[in-house]
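So, here come the structures, one by one.
You will see two complexes here that share chain A, one where it goes with chain B and one where it goes with chain C.
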Partner chain A sequence: MTKKMKIRIAEIIILLIALLVVPLFVKNNYYLLVFNRILINAIVVLGLNFITGLTGQMNLGMAGIFALGAYASALITRYANISPWVGLLLAIAVGWVIGQCLGYPSLRVKGVYLSLTTIGFAEVIRLMFSNLTDITGGTQGMRNIEPYSLFGFKFDTQGKMYYLFFVITAFGFFIAWRIVYSKWGRVFKSLRDNAEAVEMSGVDIADVKIKAFTICAIYGAVAGALYAHFMGYINPSTFTIDMSTNFVIMLLIGGLGSVIGNIFGAIIVTILPEMLRFLDDYYLITFSIIVLLGAIFFPNGWVDAVVRLGKKTINIISDKRAENGKAVSR
Partner chain B sequence: MNAAVLVQLLVSGLAMGFIYALVGIEYTLVWNSTGLLNFSHDKLIMLGAYLFGGTFVLGMGFSNPLAIVLAFVIMGLIGVLIANGIFNPLRTMQSMIFAVMGTMILGRIIKEACRLIWGPAPFAISGWLSGNIRIGKISISNANIIICLVSLLVVIGLQLFLNFTKTGKAMRCVAQNKKAAALMGINVTQNICITTAVSAIICSIIGILIIPLFNVSTTMSNSIGLKGFSAGVIGGFGYLPGAIIGGIIIGIVENLAVMVLPAVYKDVVSFVLLILFLLVKPTGLLGKRA
Partner chain C sequence: MLKIKGIDAYYGNVQALKNISLEVGPQEIVSIIGSNGAGKTTLMNCIMGILPVRKGEILYKDRDISSMKTHLIMRSGIVQIPEGREIFPNMTVLDNMEMGSYSVKRSKSEMKAKIGEMYDLFPRLRERKSQKAGSLSGGEQQMLAIVRGLMSDPELLMCDEPSLGLAPVIVDEVFDTFVRINKEKKMPIIVVEQNAYIALSISSRCYVMENGSIRISGSSDELIVSDAIIKAYLGG
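Then we have the complex of A and B:
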């Protein structure tokens, strides 16, 4: 083990410990709620990164996948009267089915069809859930969804849920990290850069795209299931196209294809509107304008922009020092 | 189910079909010229209706024709702004997601701005395209007839513009091959501005036409925007006559579907058609390329 790796591992452990003790110091339930939302959003963005960030296919219907996961888990917990963990498994299955059924027609042919089908799919899902009043409660939504529990220990407060979601997000992050730096991840990335060359190398690009989309749908559905049991109340009017747009904004702000960027994107886009709440009626438009300007001027993501700025200042400082005849250390 | 109801459904379906066809044309123009999808188009439709109804007719009390012309002028300028602010800087990026997201966020900004400027409550414009025509037992609203006529005029006018004027021909060149067009001395950037402006003006035409059907509200054009995309895929993506055919098919099929399905699932029909076409004939009815 090299020295660099040791430092890296130490860094990760310190970060994990810092994140784990957060609920001990933050007693405010509202802050914890925001943290939990960040964790759930992060899972969605990690998934979205595969199809939109790596293979470059626009998925604009993440809200529909999220909603389907949420309702699948909530409905089976309610009507079959079983543990929400089974709902989580069901959500994984639902995600796989969406990935295959929606991915096959829209990714088999070249073009922008995925963005159109996913956007339509999300609308249809929302309409179905608002109109199937007997099963889903329609626009009234579903109330009193049971929280997760483990061997009799109920995750019923924001602080307890924080730990649960933290573990699940960390697990999701680890898997995403491993996939991105595996053979699959490399094929996904090469697809974005030059699809023709990949096809010439004997890779079935449709199959690869469907794979990426399926992973994305599974992540989305799992996050949806977590959301249902976290909020305890779901309503179809939450899962609008605005929600899908928000997820893509998170991906964009974090930087396409970067797994750590995904997490930062989820943090920024979840916290920034909350911080702008003091603007009252104008907070959403201010937030949108900030994001639009960011998309035009820092298309590679805000994280990348900050890193570059940091490197530039370091370079300038060390240049200055070199001019003054001091040692240069870059 | 008697014949009169069937005819009425067909006529209103045809009118909606023409609206979808216009939506299809409007975004196909942008798609051909920039290779990007304009996801703020439904918000532009809404903005056109708000400008016409909210500001010029109800706010300033102008006559209807003057209000229409002013709405066109402002929408054209907004189109140029969008082209210069989003399409031209972002179309050369390695992935189209940047520009597409730019338009989506722009759509959000427009929606919020409309809510802040004109208030969240929907409103109607009394006397605008109202009234009915009765032929025997069949009653057809004036709005539907005017929608069909105006749409036909727009389609014909656009074809004439694209085929017989220098700017129109240049637009077709840019759609076919940007590099060659630039080498032939066409200013591609400027051409994209003009195309986006034309597209924005068509958006405002749609917005003004659908006021009697949906009233003026921030959600008036949500489903229309999506169905316009389905129309494009069904007819043949990126092909103007295809968008028209696809739009009319969707309009009629979804109106007739009301006879067999509960009315709330009317909006699902176009999506199902979209998936079916992608499975069976992804090039669309009139599409040429694979």
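Then we have the complex of A and C:
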């Protein structure tokens, strides 16, 4: 294990502990709700990282995948009257199917056309759920979706749900981490760099692209299922293109391809608009301007920018120390 | 090893290859020379299955590979080092090399040994191993591309325009390495070149392409002194 890896792992452990003690200090329900949203968003971004971050294909249909996961889980819990955990399993299955189906067009269409295809997909899903009034309640949405429970223990308050989502997100993070730094991860990254050369290295590009899409969709659908049982109410008008672009913004702010960055991206983009609420009508435009400036000045993500700044200051400080040391010795 | 029998290939309606036949025996270096647009790279792409063949067959170890997928052809032992290097610029040199061995299962120690072997071939890559491949010089990138190709232990190496955009000294180094690989590993090599002189001087046989068909073929020693070649390609 290299020194860099050790530092990385230390960073993760510190982050985990910090996140674990959060509910002990925060008793405000609203803050906890925001934290839960962060965890759910983080799962989506971890998935999106595989397709947009690593293989470099713009996916603007995350809201559709998210909605399918949410509705699949909510519907089966409602109509089959079974545990939401089964819904979660169904969401994984749904994610796998969407991944396979969305992966195929990605072999033929590229760039902006793929973005349009994914937007189209998300809109079709949204319209489908708002028009299947008999099953989904249409634009009225679905109410009173049962929360998760484990051996009679109900995850019904924000604080309890925080721990549940935290465990699931940590698990998702761990898997994403393992994949990104494995042989597969390297292939995903190389696909963004130079697709022709990947083929020359004996990689079946079609297979790899579909794999990336499938991982992405499974993460998205799982997050959707969690969202449904967390909010207790879902409505098709939530799952718009705004939501999809928000996920992409999280990915960009965290830095493409960086697993830790994904988490920070989800944190920043979920919290920042809430913090700007005091600006009333102007909060969204302020947020957008901040994001835009970020994209221009820190194209590798904010996390990368902060790390670089930190390294620079350390260098300057150590340089100064070296100079002073010389002066003293003289 | 490789036998090509009368293949035709098209880009849309334009015929790019006309009735090409070619043979590569075990352990020999074969060069394919010709001017721009003669169809040399097209021929490589046909062998690798990137461009479909409309007529004829490509036999590799007596098996027809003309309708196989690229990655399967590569796994059966043919490796192409593409024109213009085509490395992964945003990945480190080491990552690039490991990408090359995607199709081969190796334990960590085997991988280390293999990478060490590659460093011995081009010692300069050892110094650059954690550098981004895009920051290498043209010559180093070409070395990296060759090494990446060799990482999967190919049985037949095809190199497309290895001299493209390189300084003459580096070109010599690269071609010396081909001779060395050929001798040490008994690996047959196909070299596609515009630089006819250097290609002829390292190969045992040579095919001269023009407008999508093979005009002349024969032993390199004879071609290098033949009037037609000197006039057209060696600037005599």
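Basically, the second predicted complex is superposed on the first by the 301 of 330 C-alpha atoms of A that agree within 3 Å, B and C clash if a C-alpha of one lies under 4 Å from a C-alpha of the other, contacts with A are read in each partner's own complex, and residues count from 1 in each chain.
The working rule: a residue touches a chain if its C-beta (ideal position, glycine included) is under 8 Å from a C-beta of that chain, and two chains touch if they have at least 3 such contacts.
Quick caveat: nothing in here was measured; it's all calculated off a predicted structure.
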Quick check on the superposition: with chain A as the shared anchor, is it clash or fit for chain B versus chain C?
fit
Applying the document's definition of touch, where does A:Lys189 land relative to chain B and chain C: first, second, both, or neither?
second
Which partner does A:Gly159 reach: the first (chain B), the second (chain C), both, or neither?
neither
When the two structures are overlaid on chain A, which partner does A:Val124 contact: first (chain B), second (chain C), both, or neither?
first
Thinking of the overlay built on chain A, is A:Gly138 touched by chain B (first), by chain C (second), by both, or by neither?
neither
By the touch definition at the top of the document, which applies to A:Gly232: first (chain B), second (chain C), both, or neither?
neither
Partner chain(s) touched by A:Glu199 [first = chain B, second = chain C, both, neither]
second
Larger residue footprint on chain A, choosing between chain B and chain C, goes to B
Report, in whole Å, the shortest distance between any C-alpha atom of chain B and any C-alpha atom of chain C after the two complexes are superposed.
8
State which residues of chain A lie in both footprints, the one left by chain B and the one left by chain C.
192-193
So in the complex, the part of chain A that touches chain B is made up of which residues?
52, 56, 58, 60, 104-106, 108-109, 111-113, 115-117, 119-121, 123-124, 127-128, 131, 192-193, 241-242, 245, 248-249, 252, 256, 281-282, 284-285, 288-289, 291-292, 295-296, 299
Contact residues on chain A for chain C in the complex?
183, 186-187, 189-190, 192-194, 196-205
In the complex of these two chains, what residues of chain C are touching chain A?
48, 50, 69-71, 74-75, 79-82, 86-91, 95, 98-100, 102-103, 148-149, 152
Chain B - residues contacting chain A, complex
37, 39, 85-86, 89-90, 93-98, 100-102, 104-106, 108-109, 112-113, 116, 222-223, 226, 229-230, 233, 237, 262, 264-265, 267-268, 270-271, 274-275, 278-279, 282, 290
